């Protein structure tokens, strides 16, 4: 077993999930830049059926040979099946319900999987002004399912987000239905310590798997709410040499 | 003076008006197929500043070398500055108010320059079912000004249209304003006998010019309402040899 | 994905469906329309901005009970005779019509493609259309108070178009006049695309758009499948045939004889082409 | 029509104007932004989906009193330091913000381009944005009763973009990632386009759109005018410069010194390029 970082562990586990979804016919993945883009491009290289990468810059079916620094890198447009305008990608493709998986990250995530990427502190006089919503609110609302990838810490995993930029399950079960949202909402939260999924009864995020050699205490210590564990908590597989080599080659390119 | 048909006379006079408008900076002309397209393409060939031809098929700035039989002839797309989708041509170009001149024809025209291209007789059990609205209602509503070209007869020039497909001045002065229409409405009606314009006080169409050797009696006999004449009725210039030769070459191409 | 037109129609087109065979003078899916007539599909609700010859054929063949449209004619020639006969004389059956303007229809397709329940436009005001068409309402701007026309989204059961090319995966490439075809496919629950050719990989073409394979239900290789309409880069519009159609369609018996011989009497579009003598 | 960037900005950009310098990572009109700083324009309301380095420069230079946006960061690098300093510490002046999502901003531009007073989308529901942004309301579908988000049209005084090419008449050709630039130009009362090259006639390019000269107010020949953004076919994104900007912009004095030297201290974009050492 080779050495690896917790980021690599997180990215590999997200890629595995995307790969499994692609094989199950859930291929269209709307990806943000950074960790989601890295994991999605890793999945494209590892699995027999590739996810179809869709970027908010209007790229549909991108097959970049190297990781883009921004969602607008030329590489994305040059390797896409189709390039459309930004109004079109949101109206005809995301809003119309053509996206299977919305792949997001953020600065804060709360126990109902709501995401904050707007401000830390109050909106009027923020402690930290973050970039803002971007495409996230409508991805979270309209994608068939949402996967979140975030490094776990008490600062990031909070009882309630300072600002609700993108809705997960709102204040709990039933809110998405009340709001008339068409997308299925968050199904997987993949961190550098564990994998969380919403409890079917409450929609609160619970730990369903731990990464190798991670203890429950570490997860509790890194979570800002009184985090619960599923009755059966799995241990994720060690990253394989192929997964790690492919990821490193991708990041080196 | 060479021989010419009344259709040629009508087309030449419409082209002259478009040419004058282009010189005055009113260049963007949304043209229907048939007489409008013929006159607009003639104007392109005769005047120093060409009208910009825009077709509802999405062609912007078409410069066809021969007259298209349909608004979708390949020639139009191949010679355009830009080709856009049909939803875009109506939303971003016509509705947004980028068209100076809407150039229309129809089966019936009434004294307030409303146009019927839907049915003769009642809508429920029509005597004659016509093709229908097409792009005309929004051209008539949104174009900066509208020019109508139609052969004059009591069947075509009626007191009130059987069906109001495209609005001119509705039931008279003030209706366009009441309806909140942004376009200026009909300014010129060019027929095979005369030229009519709306009376500034009533918006009723009145004869402002007669074609050479056409009598007032002929116009009255070919008009389905009690048509009025302007205080000063001009006589249109004879078609020149250049105008006729260019038109015939265009139609022969 | 890539299949025969016969199988695509048999699988995706059913009695009572709402169909949009779109094409704006360019790329009109005539071959697909013929196959629908051949398979004897009935009670169709046809949707199209510019119903022309192929809709005339479907209507005259008794496949259609409702038509939603904005301009029904033979472009550059005149009337649509079978359409007129159905509306004026209910032959071969009653044809319900839902009539809009081009701008309204384009807005309806765009709303359907965007997953919105309705679309809005500056239109219809002062015309008689709203008196007869119940799918024209109004909506008020919550910011300015302006009143705009509102029309419901179009979401046909099947969207059918003709395109220049597809690759082996089923990605579809279209160029030239695009009309409202992209919206028609994206707004429909299922879609069939006939193409001039199927290639290993789509070459770059100026002005071309691509519909990814995953928004298309079936791709069928039908060369010249738009005839007498055309496919830029492959064929020219057969204006003579459009003029000819006026004579054929004017008379019920002549029309029926033509359909029996050239459509019902042929197995597929290739045979049809031989039968009517087009290469 | 075709003029210098100096004259275009002097003629079309005025104190208190609402400006949209659009570009979605690709084709960002940096040179135009620098010229606006050079000419000391003030009290601007800037609009943009993705305000990045050039908006950071305009904000830090004190040109801006309001920003309407949906994502303000340094793509792939992190925060927009001058933007943050303005919001968090009101330096160099108070910055009013109007915040939307990308989908909402794109809808607002499209409504503006289409001459509609507002646009609608399935958006914002369940988020805190409507609590703080007064330009998010709702509209009810007159057919289904569904409630949708409504946002007002954007119609800036000036739309400014960078494109690959223009011809001698001023027709503008753009390809690659198109972002929302077409809508930004069509929605604006006036528009300025900087281009990589001006040619006699526009060659055909796959994926290219053309903006006719008559919807553009001014075309200016500014090679590499998007740097450190890029123009597909002419340049690559200068990712190093974006990372460098983080360091320069973190410190107020370092930022001011940089602007004084490289923007205020240069006569035009060509001199700027020499000054910062880019070819």
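General observations
Think of it as A, B, C and D in the order they're written, each chain with its own count starting at 1.
The rule we apply is simple: a contact is a pair of C-beta atoms (placed from the backbone, for glycine too) under 8 Å apart; a residue touches a chain by one contact, two chains touch by 3 or more.
Worth saying up front: this structure is predicted, and the values here are computed from it rather than measured.
Note on interfaces B-D and A-D: more C-beta pairs are in contact across A-D.
Rounded to a whole number, the gap between the C-alpha centres of subunit C and subunit D is 40 angstrom. With centres defined as mean CA coordinates, subunit C is found 29 Å away from subunit B. For subunit A, residues touching at least two other chains, in rising order: 91, 95, 142, 182. For subunit D, residues that reach two or more other chains under the stated contact definition are 115-116, 121-122, 146, 183, 207. Across the whole structure, chains are in contact as follows: A-C, A-D, B-C, B-D, C-D.
On the side of subunit B, the complex with subunit C involves touching residues 33-34, 56-59, 68-74, 76-78, 83-87, 90-91, 94-95, 118, 123, 125-138, 141-142, 163-167, 170, 175-176, 179-182.
Within the complex formed with subunit D, the subunit C residues making contact are 115-118, 120-122, 135, 137-144, 146, 148, 150, 152, 204-208.
Listed in rising order, the residues of subunit D touching subunit B in the complex are 113-116, 171, 183, 186, 209-212, 214-215. Chain contact summary for the complex, subunit D toward subunit A: residues 24-26, 49-50, 69-73, 75-77, 79-80, 83-84, 87-88, 99-103, 106-107, 109-110, 121-129, 132, 146-147, 176-180, 182-183, 207, 229-230, 232, 236-237, 239, 242. Subunit B meets subunit D in the complex at residues 27-28, 52, 60-61, 81-82, 91-92, 95-98, 142, 182.
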